[in-house]
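Dropping the structures in below, format is structure tokens.
The following pair of complexes shares a single chain, subunit A, combined with subunit B in the former and subunit C in the latter.
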Partner chain A sequence: MTSLRSWTGRRLALGLGQAAAVPALVFVLTEALPGDAADALAGDDPDPRRIAVLRAAMHLDRPARQRFLDWAGGLLRGDLGTSLVSGRPVTRYLADGLAPTLLLAALALALLVPLSLLLGVLAAGREGGPLDRAIGSATLAVYAVPEFALGVLLVSVVALRLGWLPPTAVGGVREQPAVLVLPVLVLVARPLCSISRLVRAGMLAALDAPHVRQARRHGLSEARIRWTHALPNALAPAAQQLARTCDWLLCGVVVVEALFVVPGLGTVLLDAVAARDVPVVQGLAVVFGLFTVVLNLAADLLARRLAPRSEAAA
Partner chain B sequence: MNQLPRRQFLLGTGAAALALTTAAGCGTGSTRAPAADAASPRQGGRLRAVFAGGGNETLDPHLTNLFVDAARAKALFDKLADYGPDLAAVPRLAESWEPDATLRTWTVKLRRAAFHDGRPVTADDVLYSYRRIADPERAFRARASLEPIDLAASRALDPATVAFRLKRPYAEFPNVLAAFGAYIVPGGTEDFTAPVGSGPFRFTSFTPGRSLLLARNPDHWEGAPHLDELELLVAAEESARVSALLGGQADYAHELNPATARAHQGKGRIEVVRLRNSAMQGFVMKTDRPPFDDERVRRAFFLIADRRELVDGALSGAGEIGNDLFGKGCRYYPADLPQRTQDLEGARALLRAAGAGNLKVTLDTSPVAAGFVEAAGIFKEQAARAGVTVEVRVGNKDTYWKDVLDGGTFASYRSGAMPIESHLSQRLLSTSTTNATHWKRPDFDELYARAQSTADPAARTALYERMQRRLHDGGGFLVWGFADWIVATAPRVRGVAPDAPANTLDWARFDRLWLA
Partner chain C sequence: MRPRFLLGAALVAVPLLLALCGPLLAGPAGPRAVSFTPGQGHWLGTDFTGRDVWRQVLLGGRPVVLVALAATALTYAVALPVGLAAALTRRTWLEEVLMRPLDVLIAVPSLVLVLVCAAALSPGPVGLSALVALVAVPDAARTVHAGAVEVAARPAVEAMRMSGESSARIALGYTARSLRRTLAADAGTRLVGALYLVSTAAFLGVGVQPDASDWAVMVDRNRPGLDLQPLAVLVPAALIAALATGTNLLLDAALHRGGRGARR
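Showing the complex of A and B:
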């Protein structure tokens, strides 16, 4: 137990370091983009004097290092700053964007976990059997379709041609929950394929493991062997893939949110980058960084619990 | 009243059939005759309009920058004047304007109008709004437009009369009153979280980045809107705007691609409205540096362009060809100048005479506007046929306009509708702030100044024509086309003006729309 605790401590410290490094890196990258918020705001009216006034009003005329240190100092006090463009606090942007994104991600995960387990276990039922081959080729085919294409396809067929579901979330998510169906489907499609294939591969390896063969010799029922002995061992790699998928959900969400007009973090990020609104981009980097670290930590812990011998984590 | 016939003419047979079915549907449900029902506005309902987003996400009308900002601002606020279909100023909150003999003092009479909280719109509100816009500490976009006004010397003569003192004679002063973003707000206002304006709609609620909900202002000076409610929504992706419209989640979608418009035009599910002459399309040549400091090279480039091919290729045919002058269809546009056509032999001869036989030019472009990169590619092919090598360089779209203002030699360019005088003063004088062709000619400046101190409209028209002939002969703007601005509506939406270029009074004029 002490080893687990010190291991957790080490992982946590590493994670915090990573979470701190992400905003610094993002700051450097945003600074490296051509142009700043004043240029972007001036748009097609690039009067140099106006840009100069805008730049001074946004305090962008100070050195980049000083701006970053000010921002980092604010972060330590829990202050993420205000948007350069609208003057609204960054926390408002995050609070407004977080709810729809979390809702999408949670629904996607709630669907993804049981479905990928089921598909993986079914496919592993008889290796090379017709069911395995059918699931294998279907998942491969779906995996090959990018989110954007799948989204457009679903919108034009399911929403616009058949009229079964609303095509976008324009007008609000709370008023019409059915708008979430298509975005969640698009989000789930590719991870479902990759994770179910991992579960299948893990199951096949586990079914061949000595302890499972031992259980079989003891005459345990095939279903019991499958679900209680093989599956937990098969889950370790899948759990880590799932954590990566959670990160990916935050990225995939950018495309899906744009396509379906869900006003979540992805939309906030796109707008902020286009406007060179550095404080908002930084705030998002902090949130995304923390998410990633926490999720990976949880996945590693889970993997250790599921398969302590494998030492898959660390 | 002639809305229905004009709509049929515009949209062709599909829309005509649709109009008939709609009219018949109304006829069965009401006692009025179908034709009368279609022509007379119906009161009530909520119209949901979806625009491309990413705006400033505040409701301060002086921060207006994008189309969605302008649509929000014009629903909530009024300007003293606005642009008619030919971009000439028409009175709004101003009832009339009158210059003195020197054209340096303009007396503007206000009409009887009230803000949403009941306070009357007064001369002090006007001066407060203009001084706020002109504040040198801020960077409001309309500030450059108000620059000719000496606001310190301008006064309220009485609550309904403003005397504007100008820094110099300015015959087109009414254009200033109609300038983009020059809205009148109640005196002293700095907080726009729940804005109070004088416009046709009142504020209900605002969720930045998502939706602005407005309610009909029954006391608007021009008469109450037909709609009970207006909701302005935001969707950055064009495909999402179209989907929302097709799926019944929106009734009006702004800014569609020509390909989308062609796919849905006349199919009956949505009605496509093309706002002609909304966006000038062209290339800018820097006239102060090689190779374009030689007028013969500029004229050769004029002759290289096959304008029809550019309009068909880059705009999918959704537009008209240009004649190297801004403002087709606007007041003062010299429509009788001969249309320039491709003449590759002429171009080669001019280039030879200029000693630019094997000319190589870099063309800056960017996906900042629809058709830019495509037009650059097409022009590259056309130039090759005249022996000119054009290298297309695709730049960053977020900073493109600033990058090409002073950098490079040759670049893609477009401009929304504005009066020809504004185009001249903002882009073609030595003192202009956004002179992308670096056209700095003292004699040209002098012609402009003379036009502005000329009260007689005919004499002024002649001066504008001289200036434009000069640009047509060898200026830095290669204007190959004018793009339609495409909006689409649900079939039940009526009253969309088909002849209003984007940014003019009748564009996005939701107080004139109704739901059949």
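Showing the complex of A and C:
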């Protein structure tokens, strides 16, 4: 019990350290690396007046440490700064893009979890059997394909050639829910492959464990053994992978939003990168980073709960 | 796992050959034609600026493959010394100093990290491979570290230390050599990841010129003409998909062969 508590303490400390370091890393990467952010911002046409305006807006005349402290203090108060392009607060950008992205992510997760459990359990049904091999090859193959390549291939066949689904989400979700089908499919494809493979591996290990063999000797039905005795043990690595996968889901969301023209956080981030709108980029990166930290923390704690004997990383 | 190996090899062969030999076969650029025309003297039609798509396909594989390979090599050039040093040192603080920052780097989603850097710098191909390597270093260094910690506990390492062997010889001559299978497998995984990230970044316009001859850029820029001239998008997209899928299948086949203990 004490070891569990000290493990939890260490894991929480790591999470806190990560949460504190994410803003520092983002700040260093966006501001400290280039010679002068204002020069970079002004772009191909370095008009001295514009550079001067930008320098003033970004407080570049003050030392980097001072700027970081101000910015980090603002973060703690929920103030992410204002856009250099539009002058609107960064939090407004976040609020505007949040709904479409959350909808995409929620649908993807709602589809991902049951599907990957199902595929994993099915594949583990008979190790090395035809179904296992087919699922194994398919997941290996799809796993590696970048979302944009899969996306355009699907769009050209399903949307343009067959005309079954709209090719972009321009029509709006409320009027036409079908616009979400292709984006969610593309988003789910890669994580589905990796998680179902982990569920399969976990199931195979669990089905071989002493407690499952004991349950067999007691004459429990195969289905009951599979779903109530083996699966929970297979879930611990899958839950951790699910959190790591959220990194992929975030990457995937950026690509999918660009591909299907969804006005979510990914599009906001890409537009800000293209316009070199540093405060917006910083704000979004911090939010994405903190989200990932919290998610991984939750997954590790959950995995420890599901399988207390396993050595979770801390 | 023989069919999987053959399938992987077949899938990789076409894009890899195109990427390596394509630029030699491409020939000089012809005059620009009308945008997005199918046929008319162009085997695969024309692209968004009226260039011949077949020529762009021949030219466009090399940057994807080279940047991914360079990123993987760079990942290991950093991860191997860091992981080995952290595992073999007997100073705990040094191990912490080397490994703890990676926990932070791992916390930021990889594509977001690449995009954040792209907002401040305008990376070229070299910068892009450095960025992709930066994203992959924490995982690779952890793999090296975990493997090397185990090897470092062996009596052989202790014996080498006591007989006064140099730490470079212990690290590279013994530890890295014992880990070569694990490291080869991990490098394969990194290569698949690098292919993914390099092409995705190029698709999003990071590290490439807007009219670059690059398969991922072709997919992005020719998308407006998808219903007029689908080949300009589908051919490069299919090539990237085949390259990534094939590499992954080959890697899996190689791992299974290694796992069964067969000598190569």
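What to note about this one:
The rule we apply is simple: the second predicted complex is superposed on the first by the 261 of 314 C-alpha atoms of A that agree within 3 Å, B and C clash if a C-alpha of one lies under 4 Å from a C-alpha of the other, contacts with A are read in each partner's own complex, and residues count from 1 in each chain.
By definition in this document, a contact is a pair of C-beta atoms (placed from the backbone, for glycine too) under 8 Å apart; a residue touches a chain by one contact, two chains touch by 3 or more.
Every value quoted in this text rests on a predicted model; they were computed, and no experiment measured them.
In the superposition on chain A, contact is made by A:Val53 with subunit B only, not with subunit C.
Of the two partner chains, subunit C is the only one touched by A:Thr292; subunit B is not. Of the two partner chains placed by superposition, only subunit C is touched by A:Thr30; subunit B is not. Look at A:Pro166: by the touch rule set out above, it reaches subunit B but stays clear of subunit C.
Of the two partner chains, both subunit B and subunit C are touched by A:Ala274.
In the superposed pair of complexes, A:Asp132 makes contact with neither subunit B nor subunit C.
Of the two partner chains placed by superposition, only subunit B is touched by A:Val261; subunit C is not. Under the contact criterion defined above, the residues of subunit A that touch both subunit B in one complex and subunit C in the other are 33-34, 40, 152, 155, 160, 167, 258, 270, 274, 276. In the complex of the two chains, the subunit C residues touching subunit A come out as 4, 7, 100, 103-105, 107-113, 115-122, 192, 195-196, 199-200, 203-206, 216, 219-220, 223, 226-227, 230, 233-234, 237-238, 240-241, 244-245, 247-249, 252.
Residues 48, 50, 53-54, 56-58, 65-66, 136-139, 141, 143-144, 207-211, 231, 233-237, 239-240, 243-244, 246-247, 249-250, 396, 398-399, 401-403, 405, 414-415, 433-434 of subunit B are the ones touching subunit A in the complex.
Subunit A makes touch with subunit C in their complex at residues 14, 17-18, 21-22, 25-26, 29-31, 33-34, 37, 40, 137, 140-150, 152-153, 155-156, 160, 167, 247, 250-251, 254-255, 258, 269-270, 272-274, 276-278, 281-282, 284-285, 288-289, 292-293, 296. Subunit A meets subunit B in the complex at residues 33-35, 39-51, 53-54, 57, 85-88, 96, 152, 155, 159-160, 163, 166-168, 170-172, 258-261, 263, 267-268, 270-271, 274-276.
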